[in-house]
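Across the two complexes that follow, chain A remains constant while its partner is chain B and subsequently chain C.
What follows is the complex of A and B.
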């Protein structure tokens, strides 16, 4: 029996310059799940904000729950009413920490259920996180994922984003 | 389209146990690395800390932030200027028979010229209340491509502990 690939790279990019957001568009509906892997280079700007994703350009209908450890505290949080799904804290001022983000979108292509996402995000100079998100728009297949900073800070040049489809 | 993930190498600890599990000569032809381990310590302790070094670097170049939950609470912490990467917890002989702990280590852009960041999920379920689930963020302040990973337990890994190293391609 021939090996059948179950994890397939759909698209990847390395940012050549600082940009406000990056979008995977025209995502085919031929897979079961999606995995987004992001590596965010040490950042420009100052302050603390969060990384988030918008699905199909929708700016409402999101909620989620997260756990995080800062090194000195462990916290949980619940959010609703944001313009995207938060996936990671973002310590813009540290200058030392890369951020790893891995997001799993389950059953992304059906038109019968709300969509769920499990995410991990790690920055060893800031915090480590695990979160779950729910997109509660009238069910539709996810065909685009926009990654952006909720506080408006640009994504740093050199950051990489890859989207995988899971059969 | 092609496959994304490939088995690079695997180790199964043999009779007598092992004080470390080593992967060497890791090719730079992938984008990310994923290391999946199943471990148990030969010691009587309830849990042991796993750590690893990269490229046999014993300098003070490793840092982490982490938290984990157990039967009755949560706790967390950090390490800095360490000589290895603290990266999870695994059980010893006080765990129920045949129970091994699972730890997954993900390293994106391992062959790049940037400092490396690491994500770790660690899970140790048990038949008693001594169990853990936790998350680690790691950082290696070195720009070399990763060519070697050495897992080190605070006490030896027992036979049938396993480690599988996968390479992931993004195109």
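What follows is the complex of A and C.
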């Protein structure tokens, strides 16, 4: 069996100021999977408390299934017809608690199948959760990933995003 | 720039090396290694096997996408060809409407989330086998896996236990019914420790 080093950091950033979204673009198709690791600082705005990703700037063709625990309850939800893939919920406006997120984009560069993403997100002051998402656009390689708040709240300065390629 | 003569007698205290890497930081190829990848062809496959797994890593990780040839199906995962009742499973699942939990003990296989059928829709998962080569403890597997099919879906957290102290040298992943369909792909990675 081969023994090849395979996890490669492609890009990383720490936001110097509050922005509406952050995008990894020009992602090469030379890997098998992508892993997005995000640390998102608490927000001060109000609105829909969902972090999401948009692939190749597509605004349709997304659906997902989620599972979360709040400390007092557990629930599962389905998302259809959204303009992005939900990856985490959080407590907008609380000013406390950061979110740690890991998203796996499996087989992202193939041009034959829809893309499935699985994600884990934790916010110790709010909830812990997992989700699976489907991008149903006519199969194409993922070449950009935009991270944003579904309700339009800015990403807070200090938030960190890193993208890895897995050979 | 002035040109000055360089003669052999002006070169003193010279260290000679056989490697161009000498004097530079050690090359670090990272801690994450592809051991083997299996991609299912047009004929489908009922079982994916990773065999002769070396004990040189700290942990193993299987990353996969999977589609069934016929219907929604489940996985059977076994170590070292052990078909005895040496396994136990726990899961926490969400199907988009209801969250549920389950457990099975003294069972003959471990499991990941169910996976779908359909032309282009695949399930996905990440399976970690922790401290797989340690011969002093039972082996624990951690799973994050699921699928979404735009109106149906499933997301699972799972833990699986193999009650054996043997090092894991073989992993068999079997479709419970039918077969893994074309383009299903399973990759085994070794993760090195410090």
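General remarks:
Just so we're on the same page, the second predicted complex is superposed on the first by the 161 of 167 C-alpha atoms of A that agree within 3 Å, B and C clash if a C-alpha of one lies under 4 Å from a C-alpha of the other, contacts with A are read in each partner's own complex, and residues count from 1 in each chain.
Please note the rule applied: contacts are C-beta pairs under 8 Å (C-beta built on N, C-alpha and C of every residue); 3 or more make two chains touch, one makes a residue touch a chain.
What you are looking at is a predicted structure, and each value in this text was computed from that prediction instead of being measured.
Superposition note: with chain A as the common reference, chain B and chain C are in steric clash.
Contact with chain B, but none with chain C, is seen for A:162 once the two complexes are overlaid on the shared chain.
In the superposition on chain A, A:74 contacts both chain B and chain C. Judged by the touch definition given at the top, the superposed model places A:7 against both chain B and chain C.
In the superposition on chain A, A:58 makes contact with neither chain B nor chain C. Once the two complexes are overlaid on the shared chain, A:104 sits against chain C while remaining clear of chain B. In the superposition on chain A, contact is made by A:123 with chain B only, not with chain C. Overlaid on A, the two complexes show chain B and chain C touching the same residues of chain A, namely 3, 5, 7-8, 67-68, 74, 120, 130. For chain A in complex with chain B, the residues that touch the partner chain are 3, 5, 7-10, 12, 37, 39, 41, 67-74, 96-100, 102, 120, 122-130, 158, 160, 162, 164. Those residues of chain B whose C-beta lies close enough to touch chain A in the complex are 1-5, 31-32, 63-67, 74-78, 106, 108-109, 114-119, 121, 135-139, 169-171.
The part of chain C that touches chain A in the complex is made up of residues 29-37, 52, 54, 63-65, 67, 92-99, 120-126, 144-151, 153-155, 157, 183, 185, 187, 189-190. Those residues of chain A that touch chain C in the shared complex are 1-8, 32-33, 63-68, 74-78, 80, 104, 106-107, 110, 112-114, 116-118, 120, 130-134, 136, 139, 166-167.
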